[in-house]
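Report on the following structure.
When the chains are written out, they are named A, B, C and D in that same order, and each has its own residue count from 1.
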Amino acid sequence: MVGGGEGAFIGAVHRRALRLDGTCTLVCGAFSSDPSAAREFGANLGVDAARAYGSWQEMLEIEASLPDSERMEAVSVVTPNHLHLPIATAALHAGFHVVSDKPATISLSEARELATAVEKSGRCYVLTHTYLGYPMVREARRLVQEGVLGRVRKVYVEYTQGWLVDRLEKENKQAAWRVDPARSGPSGCMGDIGSHAHNITEFITGARMETVRAWLQCVVEGRALDDDGAVFFKMSNGATGVLTASQICAGEENFLAIRVYGEKAGLIWNQEEPNTLMIKYADGQQKRVRAGVNMPLGATALDVSRTPSGHPEGYLGAFSTLYTDFAKMVRNNMHASPGPDEIGYTPGIDAALRGMAFIEAVVDSSNADGEWRDVVNVR
Amino acid sequence: MVGGGEGAFIGAVHRRALRLDGTCTLVCGAFSSDPSAAREFGANLGVDAARAYGSWQEMLEIEASLPDSERMEAVSVVTPNHLHLPIATAALHAGFHVVSDKPATISLSEARELATAVEKSGRCYVLTHTYLGYPMVREARRLVQEGVLGRVRKVYVEYTQGWLVDRLEKENKQAAWRVDPARSGPSGCMGDIGSHAHNITEFITGARMETVRAWLQCVVEGRALDDDGAVFFKMSNGATGVLTASQICAGEENFLAIRVYGEKAGLIWNQEEPNTLMIKYADGQQKRVRAGVNMPLGATALDVSRTPSGHPEGYLGAFSTLYTDFAKMVRNNMHASPGPDEIGYTPGIDAALRGMAFIEAVVDSSNADGEWRDVVNVR
Amino acid sequence: MVGGGEGAFIGAVHRRALRLDGTCTLVCGAFSSDPSAAREFGANLGVDAARAYGSWQEMLEIEASLPDSERMEAVSVVTPNHLHLPIATAALHAGFHVVSDKPATISLSEARELATAVEKSGRCYVLTHTYLGYPMVREARRLVQEGVLGRVRKVYVEYTQGWLVDRLEKENKQAAWRVDPARSGPSGCMGDIGSHAHNITEFITGARMETVRAWLQCVVEGRALDDDGAVFFKMSNGATGVLTASQICAGEENFLAIRVYGEKAGLIWNQEEPNTLMIKYADGQQKRVRAGVNMPLGATALDVSRTPSGHPEGYLGAFSTLYTDFAKMVRNNMHASPGPDEIGYTPGIDAALRGMAFIEAVVDSSNADGEWRDVVNVR
Amino acid sequence: MVGGGEGAFIGAVHRRALRLDGTCTLVCGAFSSDPSAAREFGANLGVDAARAYGSWQEMLEIEASLPDSERMEAVSVVTPNHLHLPIATAALHAGFHVVSDKPATISLSEARELATAVEKSGRCYVLTHTYLGYPMVREARRLVQEGVLGRVRKVYVEYTQGWLVDRLEKENKQAAWRVDPARSGPSGCMGDIGSHAHNITEFITGARMETVRAWLQCVVEGRALDDDGAVFFKMSNGATGVLTASQICAGEENFLAIRVYGEKAGLIWNQEEPNTLMIKYADGQQKRVRAGVNMPLGATALDVSRTPSGHPEGYLGAFSTLYTDFAKMVRNNMHASPGPDEIGYTPGIDAALRGMAFIEAVVDSSNADGEWRDVVNVR
């Protein structure tokens, strides 16, 4: 693991996620950019002292020199965004598989560079768009694919938070790098959470967001990046939609919600109550689909379920699913995700490319006072 | 009452609404454009046969000729939109007060004509934006005014329905006139329900929607007017927002929902569960405010409450509140609504003007491929 | 109307309920036990001054002497419980139909006396167990009857309120008579609200509560009647259940909720969100059934629906349904309720008898330290 | 670990729970009563082949003979109930700490024997009453202790499931032992899930259930143990309540819900949406308390929270908390749970004793046709 030391949020989430299913083990790490802090933090985590490295360069060098049976198999990159590319490419180059936090890089050109590195290396790459790990998100995708909604026409997707309602960045490490263009990339809110909304929309509908008209705002005075935004979009399947993302919605927690409407029915899911999926039919019937290993769900949802219905699973379970998918890919030498189709279940390099293309198109459109912009089709 | 005969939806709603509080009585009507149907329908309703008129012109003429103590006091206009203006102006001219269904007219210039007629007549005019009759909507407005949210920054408002998912207009009278530009006006969905979303936003925030960027669509093939739309908007208080309205969201019922976020807290309300208002504070506290005559609410909510908490009131109650407000206005000779401030509680001619200005700006922006358009400030 | 004057709660509810559908009209009343207050209150209500009577005896005498076309048709009894019998029997005797608030009387023997009076008079009698007027309660009954749940095995029904958490009776007229055995009858909470829970259970399941084991408590010190209670029960269809009722559950509003489980599925309804009915199937499927004139519901639910789905109806609508049912009975000279089967849709004299038998059995069981007691089968 | 092999449910839950926080590691096990199945299952789990034992006796013997630094520290007992005592006592006797699934034993006398073994051994003992691991359950306890509700008067607690709606025991291993008195103990449903309801009630209120009146039923024909039950109870703090537990509520998932009402407020929590706690005040205010490391909660809730609000945690998180509590106890040589008061946060031998006393009192009362029975006060 690279990053995730003192004061980080997502590092501890990754560590719990990789442990839950027992499919991955944390064997070494460079947990901070400060070498002594990195070593101390690693030791506190219970990592073998010799493998609590002072820097990621040191980690890659030494681990690469270990015999196969002893060295780490993969690197988990949980640093601020601007370091994703150098660390991931170096790791791939050194022969390690990579799990990376999102967004994949800080630009589309960087993402293309990363894609080349993945391809050349022949190693596995997974991007932790956590929400694709939820059973009901996979079930939603299946229901759309099986035609339960009919032809999809309309999507509303939103991701609202309230934690940046004030200038938290002055005191909070998490906030500080997220609103700093040098470390976060060209977009704040839209890159951090709008990208999840984009990703889940393409995943569930199985279609691409092709064209966007965006309106990014910096609501809190003095902030260097957008903390709020809205996007009109057109999709490759003819559907249209509205995406909103905001981090200044006072009191909101982590409200990622999607509604997809077709000719025959609509489906509704939100991440704060992730074990329920509503389907509303045009004729007035409504079904409440519930998660659980014992429930009448498709195989793609059941495969990533751990408990019977009524024993709620949550965010850490979804995250863990991505690590377990990753472990399966590594063990089975699958360079693409284990899903059966084009987009796949586990977000990988395609999701990385598409995400960065989306962010750039949105920023570009907003800078052009909301002109429509195409999202580069990276495939 | 004019309109509201066989096959109409909103006529029966108006009749129940005017009866509930016992503040109004239906004494006569011209319930259909077909004279014999009008008379028969009136008789079936229990209206005095002599006052079940064959046309609204006849009704106005005869009623105006009755002695004061016998004639009707007010006219309720519940016809398709294009007839609102001629009937309302004729009624005002003949000395009657007017309650009209919304939108007020089919253009802003018509609305201005109506405003002149109202002013000249010295009579009361109420526009039935039903949702302003809900106690929790009035409470929401009070909370914003009292600064509970701090300065308002962001509004999300939406109104989604699914009833026009197919070309229902081929067989359904309700649908037919709503998608006919000659009878409905320049917009379908945005005029029919987007106008409610606009109205409730201005009411709760106490600010005007000043500028809009709109995207209207006709999703169902062959339909003459928009059945779906989205609007970015900027408000007079500096807040921005997104308004969505759609009638092709398969399975949705009547989902009008608003979220208003300020510097200190956000508030959330939706019309399908109208007796609950959530307030989420930036510090993580959350309050659930509930309707009821016994609850700790402001006077403006309590004044329009009928039952103790847990005895749910609904749509007909909200509608009835507008009639009772109207009756108060008439009895007290108040030409403006009984509310204490600029915008007022009961939607009247200002709401009529602002609503039409909004619809025209939205249509205009959409026709200009989403250029920003000012909403004419009618005051 | 008898009762329902200044400071009363249920009187105003009855008046709104009788008006909503336009099927009944308030023509006269004796609204208080104080003659001058009664006359003044009636005048304020807009009742013809000559028919705002000083006492119910006066009202019955004078109205009975009016010509058929001028006199009232029915009496609505909304006094404290101990007056229900004398007023109802006198009204029936004088040839008037009767609507009475519940419980019907203050003892089973009184209820038998009432039943005799109803039978002799040939007049209609309706007991306002409000909750049977909700469309989803009628739908629930239909689903049970059609076998959707399979054989019913288990019922949980509860009614919890918080308004008597303190000794409110010292200052509040409503509370005062409800906890006074002379005016309320042998039970406080169980008679006031437990009786609704009993009624709705028998209505939805179509079976009789045959045997009870009860535990009544007076939680607030110094109170003369139970304010809390729980009952184990056995039903005529072999099902068993638990009924709880309490008025000291601080913060609860008016939480009447029922869950009925059969061999194949369970159904869940609660009065605070009355337009939704959940069905959970043993195989894990879940349906959310929603109210509305446009929804796929049985005729018994649609017959009492007024608005399309998503336009919520509430307590006053349910109450109004009972008055409209009553008006149908009177107009069609139906002495029993218009329902198609033994128990019927509109609660009448059978519900009155069964309710009093239930209250007496519960009080008796509790007094015998929870021995099982049969509920007298009154039919 | 002893038990938890092929076809078991709770074994895999324990394994995930012990891994999540990284505070425990599975080093060995005897996963089945069939030696070869046990060894094979252990190998599949990735346990060192030499430590995938054929029986728990073998495991204890060999592990005890290993040097301190190599041997296991604790035994996790996840077998059917009748084996809990022999395995736990043998493990304690051999010097190992013990985590046991619940109920602790199959009788109170067995539980006393276990208590003696715990005391003599000086080892730690934790009983996995999972639900005490939820942050909001700990918050609920704190709120009661701090007097937010005022004096507690009333408790409603229920645990309903539907999985035994048919004679599943004929084909399902999980069901088979649970309805077999020899392996499950004197009660089926009440022992399996009613015991959780008892445990959470005593935990949140900080008071003891002292006296019970019970009604156990065997609803599904041919079943040897109760699959449904209800209990009236009186508590040491003067409160009374009703506990219901059923496994034949078709369609219910895992509905453990508790409502506690005091003089000033009520609190409401249910396990299927575990991250929300409602508080309803007598004056009509309502608060929605939400889980999350960033929320305004007490230390006892925050200590066991892993993610910010809106990133839902669930059942596995709650379960994991008990293992992490256990690890803390072991590492700090705390023989009682780490909580600050009499009952403590982590359920240990006291919870074991009290749970068995409750089950016996309930069975005894039910066998005596519902006579009141004291729950033996084991402290």
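Points to keep in mind about this one:
Assume a contact is a pair of C-beta atoms (placed from the backbone, for glycine too) under 8 Å apart; a residue touches a chain by one contact, two chains touch by 3 or more.
Please read all numbers here as calculations on a predicted model, not as lab measurements.
Any chain that touches chain C and also touches chain D is listed here: A, B.
Set side by side, the interfaces A-C and A-D show unequal numbers of C-beta pairs in contact, with more at A-D.
Ranked by distance of CA centroids from chain C, the top chain is A. For the pair chain A and chain C, the distance between mean C-alpha positions equals 55 Å. Between the Cα centres of chain A and chain D there is a gap of 35 Å. Within chain D, contacts with two or more other chains are made by residues 252, 284, 286, 290, 292, 294, 309. By the touch criterion stated above, chain A contacts chain D in their complex at residues 9, 12-13, 15-16, 19-22, 26, 45-46, 161, 163, 252-255, 271-274, 290, 292, 294, 306-317. The touching residues of chain C, when paired with chain D in their complex, are 149-150, 153-154, 156, 158, 162, 165-166, 213, 215, 217, 219, 228, 230, 232, 240, 242, 244, 246, 248-252, 259, 261-266, 279-282, 284, 286, 370, 372. The part of chain C that touches chain A in the complex is made up of residues 278, 283-290, 292, 294-296, 309.
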